[in-house]
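Chain IDs A, B, C and D follow the sequence of writing; residue 1 opens each chain.
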Amino acid sequence: MKEGKMIAMLLAGGQGSRLKLLTSDLAKPAVPFGGKYRIIDFPLSNCSNSNIFDVGILTQYKPYQLNSHIGIGSSWDLDRRSGGVRILPPYTNEKGGRWYDGTANAIYENLSFIDELDPEFVLILSGDHIYKMDYSKMLDFHKSKHADVTISVIAVPWDETHRFGILKIDEDSLITEFYEKPKHADSNLASMGIYIFNWSALRKYLVEDEKDPNSSKDFGKDIIPKMNADGKKMVAYQFEGYWKDVGTIKSYWEANMDLLDENNTLNLYDRRWKIYSKNRHLPPHFIACSASVSNSLINEGCQIEGNIKNCVLFNEIHIEKDALVTNSVILSGARVESGASVHNAVIMENVVVKSGTVIGNPDSDHILLVSQNETVES
Amino acid sequence: MKNCLGIINLSESDNNMNLLCHSRPTAMLPFAGRYRLIDFTLSNMVNSGITAIGVYTGNKVRSVMDHLGSGQAWDLDRKINGMFIFTPTYDYNVAFAPKFGDLRHFHQNISFIRYAPQENLLFAKSYMLMNIDYQKAYQEFVDSDADISMIYKRVNDPENRFLGCDKIHLDENGNFESIGTNLGIDESFNLSLEMYFMKKSVYFDLLYNAIEKGTAHYLREAVFSGLDRYKVHTSEFGGSVFCINNVKNYYDANMAILNPEIASELFYKNGLILTKVKDEPSTYYKPQCTVKNAFVANGCQIDGFVENSIIFRGVKIEKGCIVRNSIIMQKTQIGQNAHLNYAILDKRSRVKEGVTLIGDPSSPFVGGKKSMISREALT
Amino acid sequence: MKEGKMIAMLLAGGQGSRLKLLTSDLAKPAVPFGGKYRIIDFPLSNCSNSNIFDVGILTQYKPYQLNSHIGIGSSWDLDRRSGGVRILPPYTNEKGGRWYDGTANAIYENLSFIDELDPEFVLILSGDHIYKMDYSKMLDFHKSKHADVTISVIAVPWDETHRFGILKIDEDSLITEFYEKPKHADSNLASMGIYIFNWSALRKYLVEDEKDPNSSKDFGKDIIPKMNADGKKMVAYQFEGYWKDVGTIKSYWEANMDLLDENNTLNLYDRRWKIYSKNRHLPPHFIACSASVSNSLINEGCQIEGNIKNCVLFNEIHIEKDALVTNSVILSGARVESGASVHNAVIMENVVVKSGTVIGNPDSDHILLVSQNETVES
Amino acid sequence: MKNCLGIINLSESDNNMNLLCHSRPTAMLPFAGRYRLIDFTLSNMVNSGITAIGVYTGNKVRSVMDHLGSGQAWDLDRKINGMFIFTPTYDYNVAFAPKFGDLRHFHQNISFIRYAPQENLLFAKSYMLMNIDYQKAYQEFVDSDADISMIYKRVNDPENRFLGCDKIHLDENGNFESIGTNLGIDESFNLSLEMYFMKKSVYFDLLYNAIEKGTAHYLREAVFSGLDRYKVHTSEFGGSVFCINNVKNYYDANMAILNPEIASELFYKNGLILTKVKDEPSTYYKPQCTVKNAFVANGCQIDGFVENSIIFRGVKIEKGCIVRNSIIMQKTQIGQNAHLNYAILDKRSRVKEGVTLIGDPSSPFVGGKKSMISREALT
């Protein structure tokens, strides 16, 4: 065992079906976000910034775009001589092929990968959330508590506790109780789905759980409760800062709009904690004489001749003269033609909003998701 | 073009670049919000399918190495072929630097070209800026079985932007006749783009002749003096060309990209221009800003009034600023209520609150790298 | 379509069961060969030396060692900004998971990968053979013949034609007939399993073949005969040089021994056509005063104190004083103790041949395969 | 050791290295069949967990850049941290080169160290060769809260291998007392390995004092002159150390690795030594060769008699040769029936048929890089 070494295993197999059209061709971690990122850029950049250089990415559902986004990991400085980022899809052996069946099973199927890296600690991450977090501080906490498991938690508004897995802790941060989506909670600390395990302990439970025919092979439902029942030391690490699950179209749109608040706590401009992404080598964007731009994020290769307000624009977007776009997220390659207007919408890649079209209502709080063929209301 | 080796020599004259070339060669001048001039030279070659490129750094090694690194941005960090960087050798640098031109440098690294598997060479300069697909000119060179081929552009130059450049004369059949220097006599002429295709054997012949007979110190001279002995072909280039050999031309070339047609040609026509990655987030336009006719790179935060300007990566323009007709380079910060017109501010400058800097279109105000400009300092 | 562009698809899913213990933990392309390589190094190095920089590797069976060998492809100069080497395992979509089912199906499942690269030609390779070949010359031949398919062939001894797929060609290299392992052949040109297809043509046949319930989805059995039946132009490219299928222990041993012939046509020392492999950063080997070494290949990190003759030694092997090893292939990390002797054998990784043991008979033509737990005779 | 920045300065003296350092600094000397001295310095740091390393190249830039490249071999080609290479700046190189020591070079790149996130520094020289795990000494430095910590080795040196090196005196409690130069008076003493841990604030204090007061031109001088002001700690290293500061020591250090125990310590003890990859096949021993007591790298083809020698990558030794007690560097070819004893042949040399080259163990024959040695040339 390499003392003090921590590796990360990132569960990126999720379909994210509540994101509808956004995930019809790709896994949820590959969904574009914030003008130039994909969701998975956040945990990957966190790893790199936290000095974690061994990252296994478990893929299963439509991994093609994710694979081509990650490439050899160079964007996140994870193209390493040894270790680095490794994509871990399901595989076959003499007994035939085995798809991943539950989060814990996905890790179990890659025991040999982890054993070869021989870490003391394993960090389990998911590719579904937007946040910046220094995992090395969580590890310091884990070590200082001499815990077997540390679960990262965040305080959520009391009226939303029913949407989360809620943990109750004592004054020493020891976890005393779990509630999965409770109707009435007496704690507002929600699990962020980020775990640090001592690998030797986790390994044992994974092997045992695999043999249990009644197990759903899930960390939250099976592994954690079993370890708790055995009296393993489980502590909660309280995270403070921006954290958002972009599980629905509405929350996806909101998380993008959050970036337009000058005082947003995600702060993408912090040079000490950059979020890295694949680079496209596009030229700067051009704001024409006829344009008006206000409270918006604009990425490379855009050409803005019309009016935009409160928008997040990805790359190579063309907003023609006299077009109006407000409170919207526009994905790469889209075009809004002269005279068209778009409000409270998410416009997907390469969509052309024809001249004269009106999409959305500025006074409604419904968010529209617009693809080339259909419009979905959230 | 796998049989063609690209050669870029960065020992270009930078006497007319004011503070901008104090610590960098011309090739490393920042351009158009996120590039350096050499990005165009390298990307043109890479996009045309050239897989091996030698770069002779000249003496300002640091700036060159910082930008080129291992060639990763151009996918030239390769085991087979890729980018070969030639810094000055020790002897040359200390003992002979002032006495010899680029031929000495080429000669000291002669084994690189000799042992390269490619049979043809393409020499290019970075101060001639364009987006060119070399494949057509290369095919012509190969098909014509010429010894040397030069690429030229037919230019109309009433404003004398190309003064002092090389000028190619063709006979009535369009064949090469001679090459000379443009003194601005003719308004229209054939501008040499200083790009030469050459057979390797011809290169060695030129080099040995020039050094042994002492007839030339620069490759350009050697080529000119050898033209009577060789079969010379010429190819015309039809696109836009900017010659960045003084501050005025540098300023004008930057401003030219505010024309979307020119921008589209320079940045997209024959392939994207590749450069070093900086991982900047998108640019944030604050609620009260006003931006018109501007070319803006990523990572900026803009809260003032910006017009007819080129804004590089990571620039901050604070509330109440007026920035017009200016070029603001990487990570420069413009404090509140500052007023800039016809200014070029180099990387990481800081203009403090309320400062006014006004240049003239024919002679813009130039602020050096990392300069700190405050009202206290100016008075 | 990118004119003139060729990409390679390398079929590396084979189990290679006739190699017995050698493939109990890894796919055949990952089997070690020639003192420092794995079999797949040959086609990968050929690609790189032939200026083919887009290589998809189709894996399925126990891909772990293969993945970790290939890493990001930097050893073969295939770690590219775009393109480069990509490992293509099976994946799931909305309809569930689909394992590769036949060589043609494996390519079919990756249509979108190929479409994105948008080549004019596709080169199909397998990871099972030892040879050096300039695929760009084969492509030149393919183009000059205006063919739809070019199959690389090699003349084999007449008494071995029954082991191969045999092609008959006319004076223009047009393929006139196919025989799969014929008893009596009237041609000795064997297919090397290397194909160049015009992608547009192949794509059509792959899509059609996929719908055919009677097809075994194999290039040799289905795609090629169907294209032939439709009158597509198929030509044979005659390769000359070293080519060996290492399908059995015996042929594996022979191919290694071939390297000890000074005039062997594979010539690993040719600097213009290097064979690349993953580098281990080991120090040089040491030949002690007590050693005698003759007609052998020795790799890094070995310590030779005993006697070796006609051997291929991988890395970190220790031959103790007074040990004798002849006509053998010794894989990495093995140790032959003082007084032991080994003849005509393949010794697997980390095997310790104990002092006093005698393995093999110098006068027999049987080859022994020796693992830590068992010895198999070929 | 993520809070420690490694600093390697390659401006070492190479006056006693004969032809071997004509075009390379001492740090780039080939060693032990496949390495350069700097590989040990870099690998020690990387294997100890240091993730950011600054390398000051000195003037022989080319050789350094060719070997280090982007730092890939040491996994230091990184976006965050990694290897930072400082070539001389233009001004320094041309105008001030002879007048100032390494402090000027450090000062010109001061912002690198200032803005690095690490709080401690480790300075190391490459001519002190060993395989060391820095973690223990670093922990001692941190725990002791010292300003500077020096690593030393207790040596017994009857043969004066460490003449002119720094010598550390400790008081009876083992605390640092003073540092001086070894004139060979004592047979046993504490050899300074010229490795210093230093707090960043102490480094700046030393640097500014030395330059502003003009008290020192070299970091070593500055450290010595500041020792009375600082809390100095020392850590002992117990392993083997070779000081490569002249041809004899270079030769002896190479020969020492024929001792398997020393080889095992140098190449494996605290992690593998990383170097640039060459993709050579295994070495082929022909049927008639005889090889005894030799350390042989990959890619060689050996047909002669080799004894007590170090053979680098890609060497060819033909039939009938006798090579004893020699160091044969990369891609050198020894023709038939040549006879070598106590010889060092630099890279890509060619010894033609029948040549005899005999040196002495105290003064081996040294053949320069790419030299061609034939009987015709010798007579």
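Following the convention adopted for this analysis, contacts are C-beta pairs under 8 Å (C-beta built on N, C-alpha and C of every residue); 3 or more make two chains touch, one makes a residue touch a chain.
Remember, predicted model here, so these are calculated numbers, not experimental data.
Asker: State the pair with the higher C-beta contact count; candidates are C-D and A-D.
Answerer: Looking at contacts between chains, C-D has the larger number.
Asker: Among the chains, which is located farthest from chain D on the basis of C-alpha centroids?
Answerer: Relative to chain D, the chain whose C-alpha centre sits farthest away is A.
Asker: Between chain A and chain B, what is the gap in Å from one C-alpha centre to the other?
Answerer: 41
Asker: Where the CA atoms of chain A average out and where those of chain D average out, how many Å apart are those spots?
Answerer: That gives a centre separation of 47 Å.
Asker: Among the residues of chain B, which are close enough to touch at least two other chains?
Answerer: 72, 79, 279
Asker: Which residues belonging to chain C are in contact with no fewer than two other chains?
Answerer: 276
Asker: Quick check on the complex: what are the chain D residues that touch chain C?
Answerer: Touch residues, chain D against chain C: 32-34, 72, 258, 260, 263, 267-268, 272-275, 277, 279, 281-299, 301, 311.
Asker: Which chain B residues qualify as touching chain C in the complex?
Answerer: 2, 51, 72-75, 78-80, 117
Asker: Give the list of chain B residues in touch with chain D in this complex.
Answerer: 23, 59-62, 65, 69-70, 72, 77, 79, 85-90, 93-94, 97, 279
Asker: Okay, in this complex, where on chain C does chain A touch?
Answerer: 59-64, 67-68, 71-73, 79, 84, 86-87, 89-93, 97, 99, 112-113, 116
Asker: For a test of understanding, state which residues of chain A touch chain B in their complex under the given definition.
Answerer: 34-36, 74-75, 262, 268-269, 274-277, 279, 281-289, 291-300, 303, 312-313
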